[in-house]
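Which chain is which? They are A, B and C, in the order written, and residues in each are numbered from 1.
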Amino acid sequence: MKDLSDAFIIASKDILTEIRNREVLSSVVVFAVLVIIIFNFAFGSSERAAGLVAPGILWATFAFAGILAFNRSFVMEKEEDCIEGLMTAPISREAIYLGKFFGNTFFILLVQLIVIPVFSLLFNINFFNLELLAITILATLGFSSTGTLFAAMAVNTRARELVLPILFFPIVSPVIIGAVNASALVLEGQSFAAINQWIGILVAFDAIFIVASYLIFSFIIEE
Amino acid sequence: MLQGGFMKRKILFALSSVLILLSFYMVLVYVPTEKNMGIVQRIFYYHVPLAWVAFLAFFVVFICSIMYLVKRNQKWDYIAHASAEIGLVFISLMLVTGSIWAKPAWGVWWIWEPRLTTSLILWFIYVAYFIVRGYISGEERKARFGAVVGIIGFLNVPLVFLSVTLWRTQHPPLTIFSGGLEPSMLLTLLVCLFAFNFLYFYLLAEGAMMKEDEYNINLLKDKFARRNN
Amino acid sequence: MKNSIEVTNLCRNFGSFEALKNVSLVARPNETLAIFGHNGAGKTTLLKILSTVMKATSGNVLYGGLDMQKDPEKILSNIGVISHRSFLYSSLTALDNLTFYARLYSVPDRNVRIKHLLTAMGLRTRMYDKVGTFSRGMQQRLSIARALLHDPGIILMDEPESGLDNKASETLWQLLNEKKRTIILTHHNLERGYAVANRFIILARGSVFFAPDNKCPLAELEAAYSASLEVA
């Protein structure tokens, strides 16, 4: 439907910006790897300890890195009032949300595509299996849906670097708890049935917050 | 708009004062000491109502936020804002009393159990409500953005509770009381619950009125400033 | 014949501040309406409500009889907005920017249209350059090209000539007049605004101060404007 195609036009524009600029990928990926290294100094004293804290480190890192990406996605719309250009175009406000949401999700997944192999290397953990892929996608949708909404809010305040984390971290705590616990169970070798309930929480979060953000977004960007 | 109901507020004030005084008597004198935890257990009679009001207050913020976005009538924002202020105080007190109770009861100041953790997250959501409002200029935008935090925050609370519950089932559960509540304890708890409820509604009524007064004062200030330009 | 734009009792409050008080106006088809007013009179607020970026507190706006609340996308597809911010992405090239907006507005034969506008605005040679490298005047010219991509019947402009030299201004009006359009613009320069418009409105402190039915003499306009400054 029209909203989806308009959203794809906007998401493509964001991807094109990244191709022209190469800012997000370089800075966010470097930041993520640095955070992982710091966490490793903090927690990874023994190999056994490293295995226990690995999922936590990974998801905490993506939460911090995600904030950088979400913030930038709306800073670009604030410059030259581009958000007004989007609002005066014959597209719905919901399509604008979807477009930014798709773009942000894509970027986080791209960052994860690079960072997770690096992580696997540094921690000697095999992170490549289907369950972990599912967890990663669900958790990223959760981060991105709320991150997009809150970044749109934060960029309209006088202290965007403060407001975005303060909103983001409490709200995505179920996602972090879910992703970390599910990942830990998978790495222990548990079957899909064991992580069922965690997947359920992630799916519930995504469903509720994608819909809620989609509906509420227009109240944020109107002036 | 909210100016009417002077009598109602006086009644609420009287009721809450009486009930709170009564609760002091009941908690400190009337109710017997619990056999396992001793005197410190009496905090429970305040801790539970504080928790109840903290969550009730946020529910009110949620409903008023929706009403504000739909109707765009500033009065809904007065109520939401006032409720958030009261809720923040009550939830802070709840967390503090919870800690004071936890140390002698379980030996630790804090435990990551579902109710406490959810309350901690709610505390942060309350704080986010005020930080967002604080860093935005323009009363209409403050109300609008606050409403968004109120709605998203409230939807979040059950999910936090669920995820922490699931997380902590991997650890031994807490027993708060072995056995049920004696009638006298139940009565004391109920009195405290009613007392705090009435206190909340009284504070809410006064608070919302104050917000309206602030708004009207700003209106006058603005007109005065422009006349004297 | 329906009015292009009909504004009825428009009010806009920001908390306690009344930016617009019961503003009513009409823009007839194919006429150019200039809005003047002191700083803070409400000109930009009015334009933002007309372009749907801002919501009115009360009152309504009809476009050719259609209510903005009921069918915004249909109305917006016929409106072009020019502001003093360019709505352009500085990391993208001129071509990228125009292609993006052309897709959003479903412009037919967009490559042809883009090239035509770029040439008309004298930016063809800079087509593959990032907009961040453009001067202020060039950005404004590209912004005009952006607004005209979909050949809108209604144009809303907030201080359109700021940052433009005479030649660029000429081109702007040339392009605007290529087709019959209804134009509402704000202008800080009374003489210049008088020259390009068919009718005027002066806003003062959020209300309509002066709104003659026809194009009155410049002297009358200037007198009214000075009077409006007293009220401010």
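Worth a mention:
Quick note on the criterion: a contact is a pair of C-beta atoms (placed from the backbone, for glycine too) under 8 Å apart; a residue touches a chain by one contact, two chains touch by 3 or more.
Only a predicted model underlies this, so the values are computations on that prediction, with no experimental measurement involved.
Look at the CA centroids: the one farthest from the centroid of subunit B belongs to C. Distance from each chain's C-alpha mean to the overall C-alpha mean is smallest for A. One simple way to say how far apart two chains are is to compare their mean CA positions; for subunit B and subunit C this gives 49 Å. As a whole-number value, the distance joining the C-alpha centres of subunit A and subunit C reads 38 Å.
Per-chain Cα centroids separate subunit A from subunit B by 32 Å.
Multi-chain contact residues of subunit A (touching two or more other chains) are absent.
The part of subunit C that touches subunit A in the complex is made up of residues 48, 51-55, 72-74, 76-77, 79, 81, 83, 85-93, 96, 100-101, 103-106, 130, 139, 146. Residue ranges of subunit A in contact with subunit C, taken from their complex: 6, 9-10, 13, 16-17, 20-21, 76, 79-82, 84-92, 222-223. Of all the residues in subunit B, the ones that touch subunit C in their complex are 72, 138-140, 215, 218-219, 221-222. Residue ranges on subunit C touching subunit B, taken from their complex, read 13-17, 57.
Listing the residues of subunit A that touch subunit B in their complex gives 146, 149, 153, 156-159, 162-163, 166-167, 169-171, 173-174, 177-178, 181, 197-198, 201, 204-205, 208-209, 212-213, 216, 219-220.
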